[in-house]
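One chain, chain A, appears in both complexes that follow, with chain B as partner in the first and chain C in the second.
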Partner chain A sequence: MLGFLTARQAGLDDPLRLRRAESTRRVLSLKLNPDRDVDRIHGNGINTIDIEAIEGRYMLSGGADGVIVVYDLENYSGQLQYTCKAVCTVGRSSKYVHKFSVETVQWYPYDTGMFVSSSFDKTMKVWDTETLKPAEVFQFEGNVYSHHLSPIARKHSLIAVGTKEPKIQLCDLKSGSRIHVLQGHRAEVLSVRWSPRYEHILATASADSKVKVWDVRRASGCLFTLDQHNGDKSKASSEAVNTAHDGRVNGLCFTGDGLYLLTTGTDDRMRLWNSATGENTLVNYGKVCNESRKRLQFTVSRGCSPEFVFVPCGSSVAVYGLHTGELVTMLRGHYNNVDCCEFHPDYQELYSGGKDCNILAWVPVIRASDVEEETKSANQLQVSREIGYWQFDRPKGFLASGSGSET
Partner chain B sequence: MELSQRDRLSELVEELTTSGQPQLHQDRMKEVKKICRVSNDCIEHVYHSLMSQLNQEHAEVRLSAFQIATELFSRSHHFRTLLVDNFQELLELTVETDSEQPLPPPKEVARKLRSLAIQTIQSWQASYGSAYKKLALGYHFLKQVKKVDFQDAEARTVAERRREEERQRKMERIYKERVEAASKDMEESCQEIEATLTEMESCMSLLLPGFDRTDMQTTNHSPPSSQAANACPSADEQPCCSRDLKDNRRGGMIQEEEETKERKHEESREGKERKEVEDREGEKEEEEGSSEEEEGGPPGGDVFIRSSGLVSHSYSLDLDLRPGVHVKETEDNEAVVSTVIDLHRLIITKHLPAVQGWVQVFTRSGAEQQLLRRALELKRCLEAALQKHKELHIDYRTRVRRVMKASADGEEDDDDDDEDDDDDFDEVPEKEGYEPHIPEHLRAEYGLDPAPSTSTAPPPATSPAAAPLPSSSSSSSSRRLKRLIEEEQDPTCAAATLRRLRQSLPPPPESSSSSRSGSDQKAAGAPVVPFGLDLYYWGQEQPNAGKIIKSASQHQFWVPIDVDEERENKELQAESRSRYISFPGSFTPVSHHCRAPVGWGKLCQRQDRLKCPFHGPIVPRDQEGRPCRQEDRLREEQEERRRREEQPDWRDAELMRDIEAATGEDLGSDRVGKKGKGKKKKKYPNLSDLKQSANTSRSRLEKKVFNKSAMRRVAEVQGKDDRRKHDKFSNQFNYALN
Partner chain C sequence: MNRKRALISDTFKVKKRRNGTQKFGAVSDGDGPTDIRATLEYLMTLFPRKLFNDTLPQIVLKHQLYSIHNDKTLVDKELNKLREQGELLMFQLGFDADTFGLVFASDYKAKVLAGEEGRATRATVEKFLQKLPSPCTDLSFTKDKMLREFLFTDSEITQLVKSGVLTVRDAGSWWLSIPNSGKFTKYFIQGRKAVLGMVKKSKYSEVLKAQLEERRTTSHVKFHIKYHIHDIVGAELVESIPTTSGILLRFVEP
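Presenting the complex of A and B:
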């Protein structure tokens, strides 16, 4: 750390280098911290969480009882101990609340004044954060498993929606209507994700064990279907052609740069694909327990030098090296199945929600001072926290533009 | 950490957890703590061994392991960290948070473990919850997701509580039904009961006025126990109990037989009268007894006993004179008494149980007070009636006999010779029939000695019923015989005792056979042969024995060439003249032993005639069990060699077990070991055996029926049947198709 700092001072190093090293170290030291709590609002399992990208301050969570909660993650109290307060709640008493389990929540990528939620009550609602009233409600024929707004889209404002129907719906926020349907799957669509690199590229995962990548400008069909055997016909039995998994595919996640796509399936496997070619990179992550019949929300770290995957695995969160497939650690703290996890890229914190009604914050352990004996640990902690602010606040704008040059 | 410590810790943990005790062994626990104090490594080692023990499918093991964990949890921070780190698993294994992983049997211990774990976790949360986040999380998980009520003493989950509620509701319904049925029942039979009670009341008031006339007596009540105690002072002084009574007596008293015979009839009556006197006076009884002994006894052997109730004149008899109400039935009140008896029986067998049942139902279901009060009132009335009846001291045992007597030989007995001795008995409910077998534990209750061989005739031995013995010739023999049989069946009669004595003695050798004629004897000795053809034509020439007659063909023109109308069959002919009598020979018991060495220097003690099932043909052997003949010795050596070859020494059970432990692969050491030892020793004798409970008749049958070899055999047989059919008839279309 000190070496990095001096090198940085001397201007020898790229600023990225120090940042990567430190965030990698922090990710590796993620732990359940008694100082960080998240309010217990949900009385039922938590299906989905989302942290907004603008400030990194507010977190949405959707529960199996239809409740949606907004948390404030930022600690302005100056105390070490912090409980993330619930800022506002769409509770059971609200008349706009989802009737059934909320499956996906997502902030509008450019503004915290709006968020979108979809539920098993066959609706997707676009909420005004201020009034907590839905500005728009989309009705569907089947349960909505997943929806996604493109995080980088400038030219369109489409929400891709995966429902029980095999067709993927595209809803336009501008017009408030369903403008397009993508056909090709044979079973319910469990997960949809926009590419963080190209705004028209969409990946969808379905219970028919297939993962398709679409260009929404192309009407005729998908770009390609991921094949676990990379087109090697000899290995695949006739019905397993062009399948990504041997079971339902219920998790999708692009890496931060959008170059790779991760999928998880109920065959207890996780696969890493080249998102440009659809090639299976054949990284072996071993067995990733996955019994979920619904969408599994997992995430990838951003800004570390080897990147990490955080994937719910039974009652714990497994951390894998993205490209090595090596199991780094298991974050054990939930007492029931974990359904979702979200990485906070600014502070390298991980939030996970599970069926035990808890949202757990996994916070990097403060590095013990390797210099002299520091008697006031709290003081020192404050210092390091401030360093953290200083470090990560500054290059934030830089991050968006830097991601392209990084690769 | 040193290896010795590690080993010692493992050993201690294993001992503690497999003790099967609900509490930990204090000294061992102390030792564990002492070792744990040495270093964190030790704690880690204990933690790992505890977790592995917690994973055992045995609730007792888990309970003990959890108790150890509790002890260490409060002492070591390191242990706390380790345990809390893996708190999910701990909860799964002790609190049953995962419904797919229920706690293992035995159920009682599992329940205990669960409640203990919940209480402990609560106390942990109270003291360490703030410091250990996962502990707090786990506590909240239990509280909010699993809805464990920590205040609930039973520590039940929601599901359990719901189940409990359901059960209660069901019980309530059942109770309600029962209450309804009972109240209806009560309505119906209330009148009947009341009628019975009134009847009983009036019967008793009828009986009681006759109280001061003749029936009241102050009789002796000598409890049977005291008499029994007196009756067996020493072994040589109880001739009536000992088996050789008859023989002893017969020699000495044979000369008196004639006069006794003459006097027999009156004497039996006199004796009883005398005895009554005797009993009242009490003191003179000794001389009386001695005189009695001289006159009584010999013919049946027991006249003295019968007449006095005593067996030796050296007895002292304690008499307890107690006044009391006693209703004695005469012919006048017989009808009333029998009614009372019937009513009594009705109350005891029918009304009282019914009323008690209602009371039980009402109290248990908490029904209306009124119903309960009414039922209790009925019960009280019935009990009062019974009590009153008891106070009357009506003796129906005597009465029953009296009735019988009146029918059988009324002219012989008068009403006077009724016995008072029966008053010694407590009133007992009437037995439906006699009880030839009285269970050992009930013998005291029946006033019998524990051992049947020495059972004395109880006081009613002097009852008039026993008076007429075979020697008495006055009344018709058939009637007497009948009565004798009846009395023999009654265990309280002297006749029964006599019969038993007779049975226990060896049968008198000559008396019966000498009386029979010689021809009779021969006839008895001759075998009975079934009647056959040979006997039918005994001594005659049989006309067509052994000839087979073939009927000529009835065909008009077609006749077989060699029609032999008659054919002689030598065999048949011989058969009709002779008779086979199979002679199996006589059984000679085997006197030799197998004597093959069986280990530990012992020799096989089996006595097979030719071949021991374990050691083969029986050959002469020397002291050490080696065969005497050379060829036998060679053969045995060969066999030994072959056995060893069959199981090469690398298949040594111990070695294989070691290898298995090292590699984790199953080489089948337990199979080999089993073959060698025959019976596997139980590993942890203190733990309750889980398989024991599964040892039901069903499981045993299953083991037999679904036995692999049995299944294979059956399948083979069936397959063979099928194949045969197929082989034979496969070319026929209707078989070929199936």
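Presenting the complex of A and C:
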């Protein structure tokens, strides 16, 4: 680590390299921190969480009881011990609450004034955060498994919705219309995801074992279907043509730069695909336990040098190296199945929610200060400097580790 | 100025180390080039040749290699390299879509020809083995490939199926297979179930690997128990946990 700092000081290395090195070090030391807690509001399992992209301050969570909660993740209390408080809740007493479990929540990508939630009560609601009333309600014919708004879209404001029907509906936020439909799948659509690189590219995963990539501007069908054998017809049995997995595909995640797509399926495998060509990169992650009948929300780290994938696996979260496929560690702490996890790119923290109604925050372990520094003058000065960091100066990423001075 | 540009991942040694140098319970090398060929040869020695009266070539399963080497992607890449060099052949064994058997190409050809001595189908099988492209990366063949590329007639294809070199996959396509491997599959599945049962019935469904190797096996287990242990660890049917007394195998509920 000191090597990186010296190189940065001397100008031998790009500043980005030091930032990446520190982000990687922080992700490798993720642990449950007794000082950090998230308010426990949900009475039933938590199905989905989303952290807003603008400030990284507010987190939404949707539960199996239809309740939606907004948490404030920032610590302005000046203490090390901090509980992320719930700012507001759409509880069971609200007139507009979802009747059944909320499957997906997502903040509007440009500001926190709005968020969208979809649920098994066959509706998708667009909420106004201030008044907690739905500004728009979209009705569907089947349970809504997943929806996604493109995080980079400037030219359109479409929400892609995957339901029990095999067709994918695109709902327009601006006009409220739902005419655009993508046909092609043969069974329920379990997950939909827009590419973070191109605003018109959409990937969808379905229970018919296929993953299709679409360009929404195109009138005819999908761009391509992902094939796990890369066209090598000799490997599979002839019914399993063009399938991404040997079972239902229930999880989709693009990497931060949008160049790769990860899919997980009920055949206990996770595959990494080149998102431009649809080629299976054949990275072997081994057995990634997956028994979910619905969408699985997993996430990829951003800003680290070997990127990491965080996948909920039973009652723990498995961390894999993205391109090597090796299991780095298992994060154990939940009491029951973990359903969703989300990575906070600015602080390299991981939030995971599960059936035990808890959201756990996995925080990088703060590096213990050296013995010489502690015995130096003014222990109090040291402590106040630490608190000072927490209180006022919590800049992104690498300077947030406890002791201020680096030798 | 000579400054080696290292990767950030090398600095942090992404795989966590516990006590620095001492990696208890680990069988494989952490550093150093992984020698897949040597591992294959070691696993081949565990295969019981006498059981089949030397009619079968030595078969190793692909996932047995995962139990020895940590990096699965690297193992896959090396195996593909060996297959492209024409030294190794991979077969779909039939009982699981993901299970592949590996046989050295020279071994395979020798045993098949030896098995065909004095049989009517010998000529066709010889012709087939000669026609097989030297780096053969295909696991199965379709009808028009057989007819057009290899110029076989229908009756010759029937002879190949009879001799066991091809097995039916579905209408119009065949898997490449090892003749007389039915016995192998039967004993293998039997043995796997028996060894898994041994682990499951142990107290807390876990047993130290060293202890399991010492146990007396029932008559159901016809192969060397190490062969089965590599199989169940590589297929992730048991979890392999490093402890201070060695590797612990814990049964995983499917």
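Basically, the second predicted complex is superposed on the first by the 366 of 407 C-alpha atoms of A that agree within 3 Å, B and C clash if a C-alpha of one lies under 4 Å from a C-alpha of the other, contacts with A are read in each partner's own complex, and residues count from 1 in each chain.
Here is the rule we go by: contacts are C-beta pairs under 8 Å (C-beta built on N, C-alpha and C of every residue); 3 or more make two chains touch, one makes a residue touch a chain.
Computed from a predicted structure; not experimentally measured.
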Clash or fit (per the criteria above) of chain B with chain C on chain A: clash
Contacts of A:Leu282 with chain B and chain C, given as first, second, both or neither: second
Partner chain(s) touched by A:Gly333 [first = chain B, second = chain C, both, neither]: first
Chain B versus chain C as contact partner of A:Ser150, first or second or both or neither: neither
Dominant toucher of chain A (residue count), chain B or chain C: C
Contacts of A:Ser292 with chain B and chain C, given as first, second, both or neither: neither
Partner chain(s) touched by A:Gly325 [first = chain B, second = chain C, both, neither]: second
First, second, both or neither for A:Asp356, with chain B first and chain C second: first
Which superposed partner A:Gln169 touches (first chain B, second chain C, both, neither): neither
Chain B versus chain C as contact partner of A:Arg40, first or second or both or neither: first
Residue range of chain C overlapping chain B upon superposition on chain A, of 37-45, 91-99, 217-225 or 235-243: 217-225
In the complex with chain A, residue positions of chain B that touch it: 85-88, 91, 97, 130-134, 137-138, 140-141, 144-145
Residues on chain A engaged by chain C in the complex (per definition of touch): 1, 3-4, 12, 17, 20-21, 24-25, 28, 233-238, 240, 246, 282-287, 305-306, 321, 324-326, 328-329
Chain B contact footprint on chain A (complex, rising order): 32-34, 40, 43, 315, 332-336, 355-358, 360
Chain C to chain A touching residues, read off their complex: 3, 7-9, 11-12, 14-16, 66, 70-73, 75-76, 92, 97-98, 138-142, 169-170, 173, 236
